[in-house]
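Think of it as A, B, C and D in the order they're written, each chain with its own count starting at 1.
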Amino acid sequence: MNPQGWTREQMAQRAALDIPDGSYVNLGIGIPEMVVQFVPEGREFIYQTENGLLGMGPDPQPGHEDPDLINAGKKPVTAIPGAAFFHHADSFVMIRGGHIDICVLGAMQVSASGDLANWSTGASDAIPAVGGAMDLVAGVKTIFVITQHQTKNGEPKIVEHCTCPLTGKGVVDRIFTNLAVIDVTSEGLAVRDLAPGISFDYVQERTPVSLKLDIKK
Amino acid sequence: MIDKTIASAADGVSDIFDGSTVMIGGFGEAGSPIELIHALIDHGASGLTVVNNNTGSGHVGLAALIETGNVRKMICSYPRTANSMVFPDLYRSGKIELELVPQGSLAERIRAGGAGIPAFYTQTSVGTVLSEGKEEREFDGKTFVMERGLKADFALVKCRCADRFGNLLFNKTARNFNPIMCTAANITIAQTEQIVELGGIDPEHVVTPGIFVDRVLLLENPAQESKLVAEGITYP
Amino acid sequence: MNPQGWTREQMAQRAALDIPDGSYVNLGIGIPEMVVQFVPEGREFIYQTENGLLGMGPDPQPGHEDPDLINAGKKPVTAIPGAAFFHHADSFVMIRGGHIDICVLGAMQVSASGDLANWSTGASDAIPAVGGAMDLVAGVKTIFVITQHQTKNGEPKIVEHCTCPLTGKGVVDRIFTNLAVIDVTSEGLAVRDLAPGISFDYVQERTPVSLKLDIKK
Amino acid sequence: MIDKTIASAADGVSDIFDGSTVMIGGFGEAGSPIELIHALIDHGASGLTVVNNNTGSGHVGLAALIETGNVRKMICSYPRTANSMVFPDLYRSGKIELELVPQGSLAERIRAGGAGIPAFYTQTSVGTVLSEGKEEREFDGKTFVMERGLKADFALVKCRCADRFGNLLFNKTARNFNPIMCTAANITIAQTEQIVELGGIDPEHVVTPGIFVDRVLLLENPAQESKLVAEGITYP
């Protein structure tokens, strides 16, 4: 048994498996950015980046980076055939108007009721910076979160109530951790999948919120 | 694979249900998706609320749709033009409802609907009968009226060029309400004079990104409303 | 003396004289449409039409009309080099955001305080139709009105209070009639110009509001 | 004749006054009008309120402007990035004010400012600390927060191509905030890599119509912020 469960890449790949063919997808910074590498065979996703591109493609070849063609994390990207450029207000029409199907975000904390905290530790000396996170959770139909199950110090990231400042209340639909895939449902958190060799009890021991095992195969 | 092209106008409108709100692009005949409107007449949903700047002319296109009696209510800014008889007659006899909205408020309400904005404030119509019953509010010493965002179940639009992702280009002033209606409808059906391969539309030139479009119908030689009217044609 | 004063064309030409070089101008339907023919020597105006064109040009040559290139009155027009097409929401950003310098409109009635009525007679059997008139008077910096001084039946069109439904309150800046050019000022209506052979008294007799003669040459 | 071209960056910014609100285009370095910002540093207006998504990087461009101490307040969504030290230091020492706005609300507030909309409602930030002190209101059973339109005295933007009417084209994702800032400022100054004859820009492709632009400066080879930062360059 590997007590670490899925790697970062495997978490991204597992999340990609749950994205339906033809989805319009926005990817947050960090592990979510890796999702772009794992489009399942036979599916086509269209990636939106909120700084003004629909149809974001894979990373550019080294030496072909264009400083005017970047993603929301300000990293160089490419544009696929059939892409479109637009300004920021039009970009957030897509996001805030409910046109993006799925957004995959990182998290500091997710609560049992789907509250998300991912923009600020709330520390007094921190420089607050929110970017598009609050717009995405408010506007996108389905919110996926990819996160380590615990912090490096072994603190839980799935909690009864978030202690960090919220990004949005009751916004998260599904959580992909290194240990499990967990849905936020009206009856509480439901484990839908477990990493190879990880037991439900192992996950529950590391989660201070009651989980329900409900794997639909 | 994403391929939004459809085979027929009938396929495009087949799920428009009784009581739907349908936005129909165009300003007069420019940009009016006349073949999709005719398919909707054939399909025959009743109790529709239709959003368009005008009410059509002659007895084809939007005017013909209104003439079927299946339009319960029009939301528009200018319901009469030179050749519009259908709407005025129904309106005078109390058989159709009218929500009259200033043209700019109509456009902004549609954009707001597409942008997730339920309400906004504007100076337009303050102090007139068209602001009656609407909330007024002061900002920075001036009076504004609150207008609500407008959404639709379906939008029927006409464009010049499209690809299988649903990216759209329009023709000159036939652009008008079409792009914003694409954003405000749950399902958008576009008729286009041309379909090109992916990449055939420069990403810098895309007017309506495909995310706002659900179905694309190739109609290479669409009818011109004013010619049909001049020829005295009626539909169906 | 010609008791009719200026012709329709002369009224349009007189209004054009008061449009500064480089202005962005929107023209209403009717006599205002004629203004486009009378750009004074050495000036360049850019005409906006609210159905989505900045840089509206002269009428097309017969046989070159394009049903997809029309003005707000749904008449065929042309586009000048340097023109731009845009959708209706962007068009009304120009109008409602205060970016158009001058709008020239027709009128049923104008009041002493600059109220304008030009969209509805208020008759019970009329089909109400407003178009962009209320947006234009609310958003454009300067509103010119071109109108006959009186109706065909000799009723005044410049009145103490409008009896027709208003398009906007206190919005008109300058009125061009067949008899005179009249400014709406905080001290009342001021006659700035008289048609050739028309006397101030002749204008005052046909206006049920006290006028002030204040021609600045 | 309408000719909005100007001879120098100094001419472009010469009337920016103390206490102005200045919108500066760009998302990170993409679309950042670095030469106009440097001209503003040379010009030296104080007490500025600056609107930008970020706060610049290194000691050039926006970061350099902030470093002069002439920026009283930043309105932005993401004031820290990999190479931004200037703003964080000033902020921690209480020498600069920050109004933190979600990126989409910032974009929509700027568009509203340009569109004559003093306020609108959005779901973004409801239930978070960023909605504190803002009016909340229910529409159709959901809670929204009221955001105000945002205007500026000046906008500094960067584009790829322009003509003497001020029509603008942008480059890829360097478009970002630039077009909406053009609409929201009293005076917009655009630096462009190319100026073409009238008609050289297809009217179907215009992104920013000239009505929103007051001054156009040709700057054929603009500096790239990240290169200046990598070279350790500081301005002035």
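Here, a residue touches a chain if its C-beta (ideal position, glycine included) is under 8 Å from a C-beta of that chain, and two chains touch if they have at least 3 such contacts.
It should be emphasised that the depicted structure is a prediction, and the values quoted were computed from it without experimental measurement.
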The chains touching both chain B and chain D are A, C
A student comparing B-C to A-B should find more C-beta pairs in contact for B-C
Between chain A and chain D, the Cα-mean centres are separated in Å by 29
Here the gap between chain A and chain B, centre to centre from mean Cα coordinates and rounded to Å, is 36
The distance between the C-alpha centres of chain A and chain C, rounded to whole Å, is 55
Chain D touches at least 2 other chains through residues 108, 111, 115-117, 122-123, 170, 172, 203-204, 207
Where chain A touches two or more other chains simultaneously, the residues are 53, 79, 85-86, 92, 96, 138-139
Every chain pair meeting the touch definition is listed as A-B, A-D, B-C, B-D, C-D
Chain B partner, complex, touching residues on chain D are 108, 112, 115-123, 139-140, 142, 144, 148, 169-170, 172, 203-205, 207
So, in the complex, the side of chain D touching chain C is made of residues 1-2, 111, 113-117, 163-165, 167, 183, 197-199, 201, 203-204, 206, 209-212
The chain A residues in contact with chain B across the complex are 21-22, 24, 44, 46, 48, 53-55, 79-86, 90, 92-94, 96-100, 138-139
Note: in the complex, chain C contacts chain B through residues 49-53, 66-70, 74, 79, 85-89, 91-92, 95-96, 125, 127-135, 138-139, 165-169
Residue set of chain B touching chain C in the complex reads 27-31, 53, 77-81, 87-88, 91-92, 98, 100-108, 110-111, 122-130, 170-180, 207, 224, 226
